[in-house]
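To start, I am sharing the structure in question, which I have written as structure tokens.
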């Protein structure tokens, strides 16, 4: 009985949510909405440049590898619910997280050194949820950063086989793998 | 025959003796065994075909196409534990490292005793495993395919005097391209789509990728046990991944091999009410440590996981070398900004040792809004055991000659430069949120047992509640099992399939 | 599934007094009654000293009173020491210089890991004993087919430590399983030996790992 009621309630909620989405013109994911996309792109830009700044050990910054386009594209490829959740997460980073550290501006409006300081603090935050979200976001950004073949080349990445569907120009080396020399 | 589901439209009806849901290690073995014994078998797989022609090493794209929930599934609770299951023809065998190990005798005996599996014996299961091991061609990873990353791990274990051995994998002629997780390009890895699925197909089975089963048809009569009568599935458009038609299979029996997460959901959707469906979610909750070396390691060379140690086996843990695409593992390197870039630049000097405790934490799987919701409470005892295992990994890396080790947990130095620092991992009281856990080995949501009140399936993998409905995947495994589960899943499935063939051929 | 179709089932082995078992495991022994454990103990074999040396074993006292007293779970370690201090005869020394100790562990569930206290780095060891085959004619020779863990000969037990009263007998219940042992504990109260309970040991980790 309870399960049946729960199932009925769930269907009603789903129907109403869809009606609200249709009303707001949100047939597509949240990130595609014209009032959301520029904000998300802005914060992804800022976070990307903080995580992968220019002039580092790898000479390509987030801007050089077009990380923002990658991330927005990824949001379009994954399940709509997760895509919406990630979009909300980025917006939380933009508007809410700086306020936890006493910064009233948006994340993307903060000076670079303050953005870096904030990201470092988030990685060391005693609150698990904040730390987890930051590490997860960084993981996604690393996917995007290492998607660029120039970054892979710079770190010495190579392969011995091609994947025809992988259009990137990955270095192919056919020599046999090295063996450990005897001590 | 492996059908091109793209060519099917509208409503399709099929008739078969047995319908198998899922083409992973469980479903593929069942399909092959039944087809070879003369039964008409239909295999439905929700994912597309994955091979070296359509795979990619680009992490985000690969995960979004071939891994359930784009690799972002987490078991939520006091810790958020990432878990990945594939959605492709061949199941998770397409993205694992093909490690092929038996169920440890002590654990199998424990299951037989604790879960009243009266019809099962250690010797019998061992025979099934040996047969499968020979059939799939599992062997120790050759030294030529190890690569520096695995040989460094070997060096560390040897120096400490620990058990140290090449991992036995279902691979033949490994070229060490380290592409296990994105579909082996050389064809050396014996995935289900390279072995049991084509063998089943050759024996007459019909395989339909891109068919997502919605419900199992159960015929129920008042006050009698239900009987499985087939399935209803959606035909999936490969581009949009949305349903474009319906496929109904009428069968004498249904084998559900949809995996730990989806099997209980399908059973519940189909009206089964057994208390333990979706409960008892268990996992090998693993942690890993990075070591930075002076020499060039080139983690993208060599078998993905080639070396291991059973030094902690009796304690319920195994240690293994580990690698993955730089995107997946490099995100665990510490630091932000220039610090992180420096470490990423040095990625070619790193290797990883991972440890997987058996674990006693439990969780549940439920369906919410058409999607799985996985909840798990990670017990303090498991967290402390993980810390113990992590210390062993750190010791192994320093013994191998690492100049820096990154333990990957909160509350201890992110970068350790001296072996003595590993002791900090044992003196700190960790919380669940202090580790970046990952658990790709999951079990237990349709556990087997002799008591219908405390289990979902019997020792032959048939559900207690509904006749002719079987579950053949890792969800029947009652607890964690230390070793990688592919061998166990295939052994249970083969055993069940042989019995099914006797019944349905009669 | 019909019985006729079962291919690989083993038959049950019947013990007297209705003790049924297929396999002995740590958990299954922990659930058995004193009567059943007695039967199993009497049919057990003497463990080899080599099988014990260098290892710590997870332990479980079957008596639920030990849960109340706070030592139902424990670990036992076995290692050689070069100069045993309380061996009284050259024969004892020749037969064995294997000694052992107990480790205090967290009192959690049977299925949970045995976690040393206060931590794995500095585990609290206590209750030391000498390990030797039972010698007929000695005071403690009740079970000739067992090993004797004699706490009165423990090298570093303080004189006031009540564990010096313990005498444990250890057997291997399954001849094919060198990782699992069944113990029977007695308290030495003067000339009397009072049965204290059964305990189970299973191989756990190398000492020092």
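A, B and C are the chain letters, set down in written order, and residue numbers restart from 1 in every chain.
Here, contacts are C-beta pairs under 8 Å (C-beta built on N, C-alpha and C of every residue); 3 or more make two chains touch, one makes a residue touch a chain.
Here the structure is a predicted model, which means the values were calculated and not measured.
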Most central chain, Cα average position: B
Most distant chain from subunit C, judged by the mean position of its C-alpha atoms: A
Distance between the centres, which are taken as Cα means, of subunit C and subunit B, whole angstrom: 37
Distance from the mean Cα position of subunit B to that of subunit A, given in whole angstrom: 26
Centre-of-Cα separation between subunit C and subunit A, whole angstrom: 55
Residues of subunit C whose C-beta touches two or more other chains: none
For the subunit C and subunit B complex, residues of the former touching the latter: 1, 5-10, 21-28, 106, 108-109, 111-113, 115, 119-121, 177, 179-180, 202-206, 209
Complex contact set, residues of subunit A against subunit B: 10, 14, 50-53, 56-58, 70, 74, 77-79, 81-82, 116, 119-120, 123-124, 128, 131-132, 135, 138-140, 142-144, 146-147, 152, 154-166, 168, 170, 176-180
Touch list for subunit B against partner subunit A, complex: 52-61, 64-65, 69-70, 72, 79-80, 143-148, 151-152, 155, 175-177, 179, 182, 185-186, 296, 298, 300-302, 325-327, 330-332, 334, 336-338, 340-342, 344-345, 347-348, 368-369, 371, 410, 431-434, 436
Interfacial residue positions of subunit B with respect to subunit C in the complex: 106, 109-110, 112-114, 118-125, 127, 162, 311-312, 314-316, 357, 360, 379, 381-382, 384-385, 388, 391-392, 423, 426-427, 458, 460, 462, 495, 498-499, 502-503
